[in-house]
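See the structures that follow.
The following pair of complexes shares a single chain, chain A, combined with chain B in the former and chain C in the latter.
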Partner chain A sequence: MSQSPSALSILWVLIERDLRTLVKSPWILISRTMFFFIQLFVFATLVNKLVNIPGFNYFEFYSVGAVVSTITSIAFIIGADLFEEEELGLLDYLLSLPFGHSLFVFGRALGGAVRALIYCAPMMILVAYLDGMLTPTAVLGSYVVLFVLATGISGLSITLAMVIRNENRFDVVIAMAELATVRVSAAIYPLYYIPKVIQPAAAVSPVTSASDLIRLLVLGTPTGAYELVELALFVAIFFGLGSVFLFRKLEGGRFE
Partner chain B sequence: MAGSNSPIHVIERDFRVFFADRFLLVIMFVNFMIDLGVSGLSLSALITGYGNYFLYIAPGANLVTATVASFQSGRDIWRERIIHDTQSYLLTLPFGKSRFAFSRLFSGMLRTTLTTMPGTIVIAVLYHLSFPLFLVGMLIMMLFSGAVCGLSVVAASMASSLELFTTVRSTAQVYLSFFSTQFYPASILPPAVSILSNFNPMTWAVESFRDLQSGVVDVALLAPLTGLALALLFTGYLFYRRTMEY
Partner chain C sequence: MIEFRDVWKSFKNVYAVRGVTCTVQDKEIFGLLGPNGAGKTTLIMTMATVYRATKGDVLVEGHNVNTEPERVKELIGIAFQDAKYDRILTAREILQWHGKVTGIDKSLREKRIDDTLAKFGLTTEARKRTWTLSGGTKKKIENAKIFVQRPKVAVFDEPTAYLDVPSRLMVWEMIDELRDEGSTVVLATNMMDEADRMSDRVGIMSKGEMVQVGPPDKLKGTLRGRDVIELKLKEPMPELLGEVTKVEEVHDARFEGDVLKLELSNGRELLPHMINVVTAKGGQIQSANLKEPSLEDVFLHYTGTKLT
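Coming up: the complex of A and B.
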């Protein structure tokens, strides 16, 4: 009698499937790569000419933010994939596969994070090179931070995909969630320059934590250990929420 | 009373479709407020040597919202063609195909202008515009919406998948924002970007709006915007019309 596959091999199959799904969307990959370069070499370069703060290089600051916002954007796509699978009725088929639903949920969130990291890995190397800190420690450390952030964002995206029922609404809400997570953070401007009323929200944003931690590694900008805790909390909350909502749906909750 | 083949019916239908989900309108206004109230204020705190940078980029936030709203027109057309397969039915209605196509584009312009009106009011208040100049501001929004509706209908007419349509939408948004004078003055643009920005409706729309602060209307800025809007609307019309021939 044949042995049932191990949990690790199932996880790998799920992650591989999500990787293939993204690779089969060449337009998304090409356009997001193009946007990254435009953000970096057009927007950041030109705005750097306008910023006149002694000792502050906006291009270097923004370069890290560009990677963080790109990985956020890619990690959000997993929700769209799940939404589409639900609409096409593919989720029912996936449920019939011979493994537990909790493994399925875990695998999808990991799949979203892994593919986002693979996609952004060369961008991170380029940014580390441009910022003069192309060392294994800086790059590998940044990968860990990016992976943790992408896992949390995947969880958030899965949560939204499971809560929203209308396609048009989902599209607009995802766009807003992406805009809010990046703009209400220190990804593209320092926390100090964000309006005072927004600062508390931006300070606890996972995108701020990820940006600050990578800036510590790549630019040497000091930051506190609490950033790690905030990032971990965000992942725990949304990974958990995404799992709960997806699980509820898988168990025949409220499909329409 | 409008006749049964009046374009008013087409426009009314598009308005009903668009305003059926008011939640979307709220989200669009929230997006505008994030753009203006968070990004605008943060960037203006960073950039201090160029006058009031917040007022400089404020119209851009509203024009970005207009871009999102205008692309909903293309999305509606794309869904009719590809997802719901209702275009064939719509073409059996008692309207000429050309009139139908123009009405769809016109309704896109109108509903975007209406959607962004709260934003236009906010900018008008920030700029202390008189009522006549506010109306000129609305006209600028309408012309810009026309240009983007044209682009969105071209995308909807060519794209066979949602992935392709959303990619064209994102590309258009990036082109409109980063290759224009939305964030930076024309004087610092590299030559290649400067050339591209001259063919960008965002450049002329944002410059026209900024110019309203001086209390006069500069026709030299409105003319290129009108020209680009008409050209893109006509291109959108041609592409949409092509999808109606079997």
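Coming up: the complex of A and C.
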């Protein structure tokens, strides 16, 4: 007979499962890597030649935003995974395993975040190198920021998946959420140049906070401590909401 | 021990399980027998905490699925009717992950995985992604999860569906082994021979209700007076009918051609006696045949549904 594993080892096996499936389905990620490289070396390089603002290097600015937006889009995948798991009946299997539902939600959000971070880790090193700041502090600090952002985005994605409950509608909403979080932010253009109407939204976007914090680390661009608070708040809200919704759905029994 | 206490489960307004009350004893193989749509899977899912009962409780080793789902999940392992695992992973990876998440130590886990895969002859197939495997092989891997886990309460939902004959026998043997080691087994099936061969006790489900529970032989015994003795004589002898009906257990006697057909209870014990009665009156018996009710007859009797 077996002995029940600890919460920590459960979290680890849940994360491990996400990692195993990540390794096995490389195409979606390969396409995102290519997108990253094209954005960086074609788009950003080009725009850098077009704009000429003294004291501002668009390539460097953009390079950070490219990593942040890539990790955002990968972290969003977790909601679609949950849909697929429900469709294949895998959710039934997962729910029959010896761990509580809240641990399950926590594990999934962490799994989504770890998966996204592992994937973006090399990109971050490349960017730190290109921006001339390949130091352990800059890179590790950036990892922390990316991980926190990815956990929040995973939470947001789980929340949306649970609220929407319809896969086709979810795909649309996720695409829009991704567009909104990435485009309405200072990830790929400075806040200053964003149309006035959406500037406030862009300012509070977690993607803006993450980008600004990493720019502080690798480019030395000054930013306020409120960015940290904003990011933490975002994670708390959506991770919490995701947990609550998934929790409710699971606790209530399915198909009710 | 597993106790179902007035368990109801509805999906929207369809009741799939209607007031099931019954007990599964420790270390027994409990066969859940019923036609398609009877509610077997739903009952199992409720017991495994996957579905929440609309009403009623299930207690697994004293732990209530509604209030202590985590404790229940620690005790249970369930092989689902349809294979439920990551199709992108290989069989070995699936079994390793399942073993890990259910807390089986590494060395034991690897040994059990090797043993189980070898028994199913899947050692090489276990390196392929499971979505490329055949239907029967997928089902074997679903069962293999439980043979690796070896839980206190093992649940198999139609474990031999899609399986060829040698594999069915292998699964039966492996389930027997599991029980001999001390597991309690719940086995849902709609195959009579499987329920009859495997179960210590059978619960017959029909339209969401548990209509009868008991050991297969005892259930057959409930159909008293349903044994049939057929004696083929050299020629019809209508005068025998009066003689044989003098035996108290015989309810009905008639000739169908030259075959004397007796409907009676306790056919097995009375067969020699009936032969004596007939030969004493000068009947020349060419062959004798005893038919006892099968589990199928029991099933038919209680559900009004015929399984094929």
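Here is the rule we go by: the second predicted complex is superposed on the first by the 249 of 256 C-alpha atoms of A that agree within 3 Å, B and C clash if a C-alpha of one lies under 4 Å from a C-alpha of the other, contacts with A are read in each partner's own complex, and residues count from 1 in each chain.
Following the convention adopted for this analysis, a residue touches a chain if its C-beta (ideal position, glycine included) is under 8 Å from a C-beta of that chain, and two chains touch if they have at least 3 such contacts.
Please read these numbers as outputs of a predicted model, since none were measured by experiment.
Student: Check the residue A:Y58 against both partner chains and state whether it touches chain B (first), chain C (second), both, or neither.
Tutor: After superposing on A, A:Y58 lies in contact with chain B but is clear of chain C.
Student: Between chain B (first) and chain C (second), which does A:M176 come into contact with in this model arrangement: first, second, both, or neither?
Tutor: A:M176: touches chain B, not chain C.
Student: Identify the partner contact of A:L88: answer first if only chain B is touched, second if only chain C is, both if each is, neither if none is.
Tutor: second
Student: Between chain B (first) and chain C (second), which, if any, makes contact with A:T21: first, second, both or neither?
Tutor: After superposition on chain A, A:T21 lies in contact with chain C alone.
Student: For A:Y189, is the partner it touches chain B (first), chain C (second), both, or none of the two (neither)?
Tutor: Only chain B is touched by A:Y189; chain C is not.
Student: Output the chain A positions appearing in both contact lists, the one against chain B and the one against chain C.
Tutor: Touching chain B and chain C on chain A: residues 25.
Student: Which bits of chain C are touching chain A when the two form their complex?
Tutor: 11-12, 45, 48-52, 69-70, 73-74, 76, 78, 80, 82, 84-89, 93, 97, 100-104, 129, 149-152, 182
Student: Can you list the residues on chain B that touch chain A in the complex?
Tutor: 21, 23-24, 27-28, 30-31, 34-35, 37-39, 41-43, 45-50, 53, 68, 72, 75, 163-164, 166-167, 170-171, 174, 178-179, 183-184, 188-189, 193
Student: For a test of understanding, state which residues of chain A touch chain B in their complex under the given definition.
Tutor: 25, 27-28, 30-31, 34-35, 38-39, 42-43, 46-47, 49-53, 58, 166, 168-169, 171-173, 175-176, 179-180, 183-184, 188-190, 193-195, 198
Student: Mind pulling up the chain A residues that touch chain C in the complex?
Tutor: Residue positions touching the partner: 1-5, 9-10, 13, 16-17, 20-21, 24-25, 88-90, 92-93, 95-100, 251-256.
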